[in-house]
Every structure is written in C-alpha cells, then in structure tokens.
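Same chain, two partners: chain A is paired with chain B first, then with chain C.
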Partner chain A sequence: MLLSQNVKYTIRSIAYLLIGLVFITPLLWMVSTSFKYENQVFERPFVFVHWDQMNWANYKHILMDTAFPTWLWNSVFVVIISVALRLLLSALAGYAFGFLKFRYSDTIFLFFLTTMFIPYQLTLLPQFISFRFINLLDTHWALIIPNIVDILSIFLMRQFFLSFPKELVHAAYIEGSGIFRSFMKVALPLARTPLLTLGLLSFFMIWDQYYQPLIFLHSKEMYTIPIGLQSFQTQFGKQYALQMALACLAIIPVLAVFLALQKQFIESIVSSGLKG
Partner chain B sequence: MIKKSVLVLAASAMVFSLAACGDNGNKDGSAGSSTPAASGSEAVASKDSGSDKEVTLKFLNISEYMDSTEFKAFLERFQVKYPNIKVDPISVPHEQYINKRNIMLASGEQVDLIWGNGVEQFDAINKGFLMPLDDIAKEVDVDMSKDFGDFKPDKDGKYYRFPIQQNNWMLYYNKKVFDDAKVPYPDPKVPMTWDEMAVVAQKLTNLNGKDKVYGMFYNNWGMYFYGYGSQLNNGKFYTDDGNVNINAPEFKRSLEWMNDVMNVKKAAMPIGEFIQNNTDFLSYWNGNYGMVVGAQWYAQLAATQKDKFPRDWKAGIAPMPVPTEMAGKHMNWSSIDSLAIPKNSKNAKEALILAKEYIADYTLSTGALPMYTKVSKDKYFEDLANALKDDEINLEQVTYLFGGDPNVINVEEKPVLGAPQEYESTFLDIISQYYTGSKTVDEVLSVVKEKVDLAIKEQQNN
Partner chain C sequence: MEAVLKDKQKKKKSKSYSLEKLEQRAGLLFATPALIGFLLFVLIPMICVFLLSLFKVDLMSNTFEFKQFTYYEKMLHDSDFWKSVRNTLVYMVIYVPLTLVLGLGMALILNSKMRARGVVRTFFIIPYITTYVATLVVWNVFLHPTEGPVNTLLMSLGVNNPPQYMVDVDWALPMLAIIGSWKDVGYHCILFLAALQGVSKDYYEASSIDGANRFQRFKHITFPLISPTSFFLLLITMIGGLQAFYQMALLTKGGPAFSTTTMTYHIYRSAFEYYNFSYASAVGMFLFLLTLVFIMINWFAQKKWVFYQ
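Right after this comes the complex of A and B.
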C-alpha cells in the first residue's frame, strides 16, 4: 500500500517536473542565448552554454552602449503611474456602477462593455490624431492616459461592489460620511484584495505593451523596454543574443514585483472573482 | 443623486486634467498644423525664399541606421554645414517601420524625409504618400537622370525615390568546407551556372558527421526561390498589363531548381527543418555550410566582424551564379534603398538637402556603396579589402564584386510595382507547401497569381 503510494507520488512529481520544465524552458533559452554569439543562437545540436566561449560582451553592450537605464526608468514610470491611476479610476467607476447605481447605469455600463469588442489596432489612428491635437505625442502621457481607463478592470471592480455589504456603507452614512468619504474610508480598504490582483495583472500587461510606445513615441530617450528590445533587429534579421541579454536584465524588476507580492497575489486570485 | 453625479464627474475631470498636465510634447510645436503639400513643384515654390530660415526636419528611418554612432557623427557634421536646418530623427525598429510610417503619414503628421527599401517605397508611392522629386532635385543641384547611373523614373515618368544604395550580390563560400571535400574553389571572376552550383553543393554536402554540412545555404526569402528566374526573364515579375507574372516558365524553372538541390540532391537544408530550427540568415557563419548567395550586407554584418561572429575558417567570394543561357556574364539582383519626401513635408527642399548629404557623407560609413556617382568609391573598396584581408580577399576582387564592375547586368531582386508587400508575403506563405510536397509547383504559383492579382486590382480601385 505504502509502496503504491510512493510510486504514485513519484509519477506525479515527475509529471509536475516535466510540466514545469515546459514553462521554464523559454526562460532558460533566454538566459542561455544571452551568453552566446549571434551565430551560435540556432546551432544544432543545441548547446546550453559554451563555457569556454561565454560572451559577456552582450551584457556590456546593453549596459554601456545603449540607453537601457533610461528605457527601464521610462517603463517603471509609465507602469507605476498607469497602474495607480487605473486602480483608482476602476475602483471609483466600479463603485458607481456596482454599488451606487444611478439612472441608466446598467445601460451606460453595457455601452462601456461594447468598446471591448473594438480591435485595438482600429483605434490607433484616431488615438494618434487625438494625441497630436492635444500635443501629447512623444510624451509618456500618451501611454498613460489610454491605460487609465480599462473596461475589464472596471468590470471586475463592479462585480466586486455588486456583492458589497450595504450595511457597512449605510453605517458610515449614519455616522455622517458622504458618498466620497464612505467610499474612501469604508469601501476602498475592503477592496484591497481585488485591487491587488488587478494591480499585478495591470502591471504585467502595461509592462509588456509594444504598439502604443511604438506608435506614440518618436524619441529614443522616451522609449520603454519593449521598444528598446526591438531596436536590436536589422532589416535582415534579429540580433537574438543582444535581445535576450536585454530581456534578462529587463525581467529583474518584474520578477522582483512578483516575488515580493507572490503570496498576496495567489491568495487574492483564489479569493477574488478571477478564480473563474 | 447630485452627489453621485459629482462622483462620476470627478472621475472624468481627473482624466482630462491629466491630459492637460502632459503638455511637454512635440519639440517643434507643430502639432495639428501641418498641411500636406499638393505637389513637388508647389512645395519648391513655397520654399524659394526660405532657404536660410530655420527649419526642423522630421526624418523617419530604421533603428539600425538612425541609432548608429556614425549617423550621430554625420548629424553633427550636417549641423555645422547647415546650421539653419535642424534634424529631428525618428528611429523605428524595422519590423514595425511600415506600420508607424503608415500611421504617421495617413494622420497628416509632418514628416519630411523617409527611408525605405524598394518594396516599401513603391508601397508608399502606390498609396499616394510621396511627392515627385524632379523639380526639387534641380533646386539642390541634382540631376536625377544622370547622377545615379542608369536609375530610371519610378512612376508616370517621375522620380519619387532618391536612391541611396543598390545591393551587390555575390557568392560567399567557406574555404574549409571546400578543402575538406577536396573541391576546387569557385573562379573569382567567372560565375558558376546554377546547375554547376547544384553539383558542387552536392559534393560539399556531408550529412554523416557529428555536425551536418550542407553544400548550400539559403534564406527563406523570395529571391532565393525565384531569383534564378528573374535572371532569365530580366526581372519580369509583372505582365505588360500590370498583373502577376510569377507563373511564367522562367520562375517555374527557378523553383524547380531549388527543389532539385533541396529534395533530390539533398544539398540544402529541407525547408521544414529550416523553419523548425528557426534558422536565421546569419546561421551561415556557424561554418556548417559550403556556399551561400548573399549581398554586401554579409560583409557588413558578419564577414568583417569576427568579434561578433568568431570563426576558424576563411571565407571566399565569387560572382553570383547565373543561368546557363547567361554563362560568363556578371549578374546582380538589384534592390535599391532610397529616401523619399512625403506630401506632408513642410520643408521639401531642405529635406532633399539632407538626403543629398546623407548619401554623400553617411552611406559609405554603413558599409554600402552609394549610387550617387559624385561620391569617390576608392576608399570604400580599400577599407573593405583591408577588413577582408585575413580571408585572402584582395582589392581587385572587392572592387569587382562590391559595385565596381561597370558591366554588371542588374535585374530586379524582387517584385516592387503592384502590391509588392502582398506579392512577397503571399509567395512566402505558400512556397513551403511545394518544397514539402503537399502542393505542386503549378498549384503554388497559380494561388500566388490569383491572390496577388486581386490585391493589385483592389489597390488600383482605391
């Protein structure tokens, strides 16, 4: 009986290990490639690391000859401001649509939802013209503003506030709080879990954005990491080794955020509406 | 109810106040004020009296050129020479260059000068983005019909492109692979025929060792499949009435030749393996291939850069192969990179001054030979020969193959006239089906013709 359990446990562990390997392989390839010369990237048979030919020059080039620190700072700036404002606006809108309710609120919300079905590429040209009109092209606000209003985030917060206990807010009203004060003092602190989930998902999503900075930014010093990554390609092909070296460096802040908030993130996913 | 409305309004106000805060945008303050020029001549007329005024040119180009230290040095020299012309470089990764270009030009954004290869510039011409250069060129003392060799007008007898450089194709070979197979090196002056190349490639191939060695390397680009046909019919990718001509017998023969090398003689990597392995065009330099047809960019990107592409073998160069009918002739697939002035430009004359300086003072530093005939070529050849001396490649060979042979026969490298983007992408999307045996060559070519003819018709209707 014990033997049978051990065998099952071993088989399950191997299966988990193999599945884990599938997910970690791209990461390993990224690290391995970052230490190679360009003509070794797709060599057959695959060599994980050429210990006698480690190419540190890729990292040296990224750190010394590119604007990597600027790109990194730009990404961090855009992400932090965008996420903070998105959370605030999503919470406000979710509270209004889900808890307060007002005349035609469901109809207006439905109208908001329909905008999710418009392909993003279709909105690029009108957005470009709008930003040119208000003089925001080639500024980080051209990236931040479209990110502040996210219908999916509003939807998630609305779902949370739909089941929010009315008694808590009513008690605040009786104590003399107005709508805004009761939102800030009662509803918002209790929405910490969905906001954390939303914040992390938004962080990863905005960090990876490519088209917006590509189209709305013109100056190299305004670039974010994803555009910086693409600058290592020529008209004939990509310089994978350099790209991967930059990707290895760029992943550090993302990993740091995830590792720091890993416990809360998993807990919040389990306890929030994202559990499906 | 009023308080609820205040809450909603507050959220909206926050968004708009942020928009107002972000007013540190366009450096030239030109947003929303550009007016597309109606034609080249009108643009010149409006600049006649303005050659000394201070202008800022927006120059859209790909990152690999714009971000180089050579380009920055060029801009500094340009600024000293023309202090009244400021340049605002917009650098875009090549993969997304067309998307950004299209959005900027379609939105009416002021762009004064754009870079493009043959396909990209003809795409812009067909979309009506560019202005003709004939009149402006005279203003900056350039004769479009003489100063660029035999460069011909682009459309309706007018020049829209200001040529930078032309590709110079040749055969690169790995001397070690030839030595190992005891096969003599290709003649440095007399080209092999494609059929001879196939036989040599088969002799060089060794698939039994630890590392497979293929006699021939190719890239998954159109000209590697239809380029032999282009040499046969003088680059006739379109019929006389402007439709697709890819089903012509010359192109069919070209595709069949590649099939013979790849699938019958097994002297080139099968296309399935090529795609599955994510084989890159620079993979040739890992040393496991005998020969490859490549242009001057192999010298710029790999052959001369041993710090990035270390190798323990020597490379050789020879003229690119030709069809049996053209035996002994020096041929080249011609593809021209160029600069062009969009109709949205406000400073057409100054943009062409920048273009002229770009080809005269910058292009050589990219490792390419400008088509502009007033640029001295000697130093370019000497520097290149010096960089290749470890490979025992001499000045005479370099001069002959890298653009110094006046008798070279140029044919179109790829289709550029009608729906060029669709032509190339449709062809490449389906061609692997022929080489993997799931479709016949006739089926593949007829699908390409049908789809691209439709794209050309749609383009004409628009």
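Right after this comes the complex of A and C.
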C-alpha cells in the first residue's frame, strides 16, 4: 500500500518534470543549437550536444567581432540608472503619499491610479515629438527619463509606508532628527525589502524594453540588447547557430539575476499582483 | 496645578499641530519630483495625444494645422483600422483564456504533492523572465516552415503538409497569441500559486467529510477563494492582450496580408513608418477608450462572480 503510493507519487513527479521540460523546449533547443556548426543545425537524427566537437566559435565571434559588448554595456547603463532613479523617486513619493500626507494627497494619488492603464504606446507619440524638439533622440536619456515615473512603483511604496510605525519616526524626531534625516536613517533602511522587490521587478521590465529603443534610437552604437538582437536577426539571416548563441548571451544576465534571487523575485511578483 | 497641566496639554497640542504642519510641508516637498514627473510624462502627454489627433502635424517644418475630427472620421472609414481592431480581438480571444487556463493548471501542478517542485517551478517561470526579443529570435527559427525542428519532426512523423505558421494567413495570428501566452504564463502561474497556497486546508477537510469529489471541491471551494486573484489576472491579461506588440514587430511585421496587424502595430506603423502622428494618435485614443470599456465591463461583472472573504 505504502509502496504503491510512493510509486504513484514518483511517477506523477516525473510526469510534471516532463511537462516542465516540454514547456521550455524552445529554450533548450536554443542552448543546444548555439554550440553547433551551421551545417549541424537541422541535422538528422537530432543530437542535443556534440560533446566531442562543441563549437564555441559562435560565442567567440559575437563577443569579439560584433557590437554585442557595447550593447550589453548600454543595456546595463540604461537599466541601472533607470532603476536607481525610479527607486529614489518612488521611495520619496511613497513616503509622502503613505506616511507624511499633505493636503489633497489622497485625491492626487487616486488620480495617479486612474492613469495606470494608459497604453504606453500612446504616451510615446508626444514623447517622441518633444524629445525631437529638445534633441534627446538617439541618446540613452530618452530611454531613461520616461522610466523614472512609474505609478505601480509609487503605489507599492505607498502601500508599504501606509502601515509604517509612527513611533519609530517620532522617536527619531525626539532624538533631534529632522524629517529628511529620519526618512534617510529610519524609514529607508526598513524599506529595504520592498525596495529590493521593486528594483528586481523594474530591472526585468526595463531590460526587456524594445519599443522605446526602436523608436528613440537610430545609431547602432547606442542600441540596447533587445533592439540589437533584432538588427542581428536581419544581418545574420540564415546563420541560425550564431543567432541562438546571441539569444543565449542576451538571456544569461537576466537568468543569472533570477536564479540568484529567485525567492525575492517570486515575492516581488506576488506583491506586485496584490491589490491594496 | 491644574492650570499648569492644562498649559502643558496646550503646549503639547500646539507642538503636535506644528509637527503635523511640518510633515505636510515635507510631504509636498517629497512628492514634488513625482508630481512633476507625472505632469511631464503622463498627464501632459495624454493631453498632447488628444491635441495631436486634432491637428495636422508636419515634422519637417514643425507646423500644426487645426483639423477638428478629420482624423477620427478618416479612421472610422479606414478598412485597415477595422481589420486591426478585429485582429486585436481575435488575438485576445485566444490569448486571454489560454494564458489564464494554462497559468491555473501550472499552479495546480505546483500546489500538488510532488518531488522536485523547485525545479519545475523554475522551468515554468523561465520564459517569463527571459528577454522577450531573444525568445522571439528562437521561435522564429523553431517554427521555420521548411527547416524548423517542429515541422521537421512533424514531417518525419508522416505529416505531409505541416502548417506554415508565421507565413500562413490563418495560422499567423493564433501562433502569435500562443507565443504570447507561453511568454507571460509564468506570471499567472506564480500569482495563482500564491492564491492557492492562501486557501486554508480546513475547508478541504470539511468538504471531504461531506463527501465532495475533486471537481466539486474545486468548483465550490478553490475557485471562489481564488476569485479575487483570478479577477485581477483577467483584467491584467485583457489589457496585456490589447497592447500586444512584440511578436508582431519581430516575427511577422503585421503580415502576411495584414493578418497580424493589431491596433498597437497599426499605431506604430502609422506614426513611425508613415509619420502620420495625428492618425496614429486617433487610433491610440480609440485603443485607450477600448481599454476603459474592458475595465468597466470587468468592474461590473466582478460583482457576479468574485468572492471577497
């Protein structure tokens, strides 16, 4: 009885594992193909990896002879500056709307929320025209600036500071700290978890952005990874192994961050989905 | 004595009053960057989009000419526009239910007793976290009509005319919807899982005493208890479906024969290929209106099926 149950349990687990593998087949195929020579890409029978003749040349070519490293740097630059500024602004605004409060703050915040569902494709149209006027097109700031204000981020920080204990801040006041000092010394350190959560979520979202660089950037040396990938897709045409190696390289940074901070990442998704 | 106490109280009161005032002033100061940012990047652009749709814009000479509602009229008489609306709705009809059902199914798998749960969970989330464009580069080759591994496999299994996917008028849009689901479903899976884990075991024990079977248990206990999450996901998925863009831009360019030109792609093409910002803004306003309609419908429908504890 106990044994048969154990067997059932194991079989079920294996079945689920297989479902999971089928789900990521395209990505497994990507990894497999990235180590092949072009003439092996569509070989039959299919071999997952030719262990004896793995082809590292695809990776070497991309890292040494293409603009990929520049694009990687551009992406990292845009993402880090955007996330940092977004966190700063959201923390300040969250503290103001959730803790300090001011006249009409709740009404203003409600108004913020109603604009959350404006399609970004819509606001990008006038942004494009105004960036053109002030010569911001084809710079990284065109990507960074619109990312700084994010209503969802302000919302999440406000939620956190709504239930922030007043006594802690008041104790800091009594010790002689001003409002800004107590924000820096008391509130911010305790907001580490929601800030990390928000930072992770923003990192993944901004890393993925393709529409903004598509319309704002035109010189290749300014490209971020998503738009660079697209330009390679047309440039490499039928060199599929090379394309797959490129896709792998584009995924590695986010996958590394994800695997390292998986638990926090899952929590970040959950908290972003919880409505207050 | 009493007078002193009163005086003290008064002092305390006035002190806390002034503190409140100080906090309010600081609050306004703290919120200033957000308020300015909101004005510059949300409110003013939104007003500008509306104004853009009323003016003829010449980007070369930077001239604006008032045209009233001509662009809306043009839009409503444009068969391409209506095709893009239709394509968007078809995309949603496939994408929304597929993503929700798959997400729930995957969450139920992860919520059951199993070994290696962490590994399977990671597999389920990976598409969601990977760079979208990179996965599309992969799908592009994976579904290649003659050389791709999927069709090679199908042909070796004896299927003589496997589907042509992205180059077939009937297949392209559903394929893009399926790829969109595959990419996003990890998010749904995590949120559904969190909701399932929030359901107290007591309910299941009580129902099994009452002799409820699995399906009854799901229908009468699980489903109502996770309905707030389902509602939120339904809303998010519908909005995501309305705004889908990446697959069209990277895999099909709106083709073949306009079959995958959704509203967002129509906006993109009008603005950045034909430089007709006014027309694009008109379509954008319509998209925004449609988004509001969907939100309203959901809001009123939720009263019928969402159960708040």
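Here is the rule we go by: the second predicted complex is superposed on the first by the 203 of 276 C-alpha atoms of A that agree within 3 Å, B and C clash if a C-alpha of one lies under 4 Å from a C-alpha of the other, contacts with A are read in each partner's own complex, and residues count from 1 in each chain.
In this text, contacts are C-beta pairs under 8 Å (C-beta built on N, C-alpha and C of every residue); 3 or more make two chains touch, one makes a residue touch a chain.
Because the structure is a prediction, the values reported are computed rather than measured.
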{"item": "Which superposed partner A:208 touches (first chain B, second chain C, both, neither)", "value": "second"}
{"item": "Touching partner for A:266 - first (chain B), second (chain C), both, neither", "value": "second"}
{"item": "Partner chain(s) touched by A:19 [first = chain B, second = chain C, both, neither]", "value": "second"}
{"item": "Which superposed partner A:129 touches (first chain B, second chain C, both, neither)", "value": "both"}
{"item": "Partner chain(s) touched by A:149 [first = chain B, second = chain C, both, neither]", "value": "both"}
{"item": "Touching partner for A:220 - first (chain B), second (chain C), both, neither", "value": "first"}
{"item": "Contacts of A:56 with chain B and chain C, given as first, second, both or neither", "value": "neither"}
{"item": "First (chain B), second (chain C), both or neither touched by A:73", "value": "neither"}
{"item": "More chain A residues in contact - chain B or chain C", "value": "C"}
{"item": "Touched partner set for A:48, first chain B, second chain C, both or neither", "value": "neither"}
{"item": "Residues of chain A contacting chain B in one complex and chain C in the other", "value": "42, 44, 89, 92-93, 95-96, 100, 102, 125, 128-129, 132, 145, 148-149, 179-180, 183, 214-215, 227, 230, 233, 240"}
{"item": "Complex contacts: residues of chain C adjacent to chain A", "value": "19, 22-31, 33-35, 37-38, 40-46, 48-49, 52, 57, 59, 109, 112-116, 119-120, 122-127, 129-135, 137-142, 147, 149, 152, 156, 182, 187, 190-191, 194, 228-229, 232-233, 236, 239, 242-243, 245-246, 249-250, 264, 267-268, 271-272, 277, 280-281, 284-285, 287-288, 291-292, 295"}
{"item": "Complex interface listing, chain B residues touching chain A", "value": "1, 3-8, 10-11, 14-15, 18-19, 21-27, 29, 31-32, 58, 62-64, 67, 88, 90-96, 99-100, 103-104, 106-109, 117, 211-212, 277-283, 285-286, 297, 301-302, 307-311"}
{"item": "Chain C partner contacts - residues on chain A that touch it in the complex", "value": "9-10, 12-13, 16-17, 19-21, 23-24, 26-27, 29-30, 33, 42, 44, 46, 89-90, 92-93, 95-97, 99-103, 105, 108, 112, 115, 117-123, 125-130, 132, 145-146, 148-149, 151, 154, 173, 179-180, 183, 204, 207-208, 210-211, 214-215, 225-227, 229-230, 233, 240, 243-244, 246-248, 250-251, 254-255, 258-259, 262, 265-266, 269-270, 273, 275"}
{"item": "Interface residues, chain A side, partner chain B - complex", "value": "37-44, 53, 57, 85, 89, 92-93, 95-96, 100, 102, 124-125, 128-129, 132-142, 144-145, 148-149, 178-180, 183, 214-215, 218-220, 227, 230-231, 233-238, 240"}
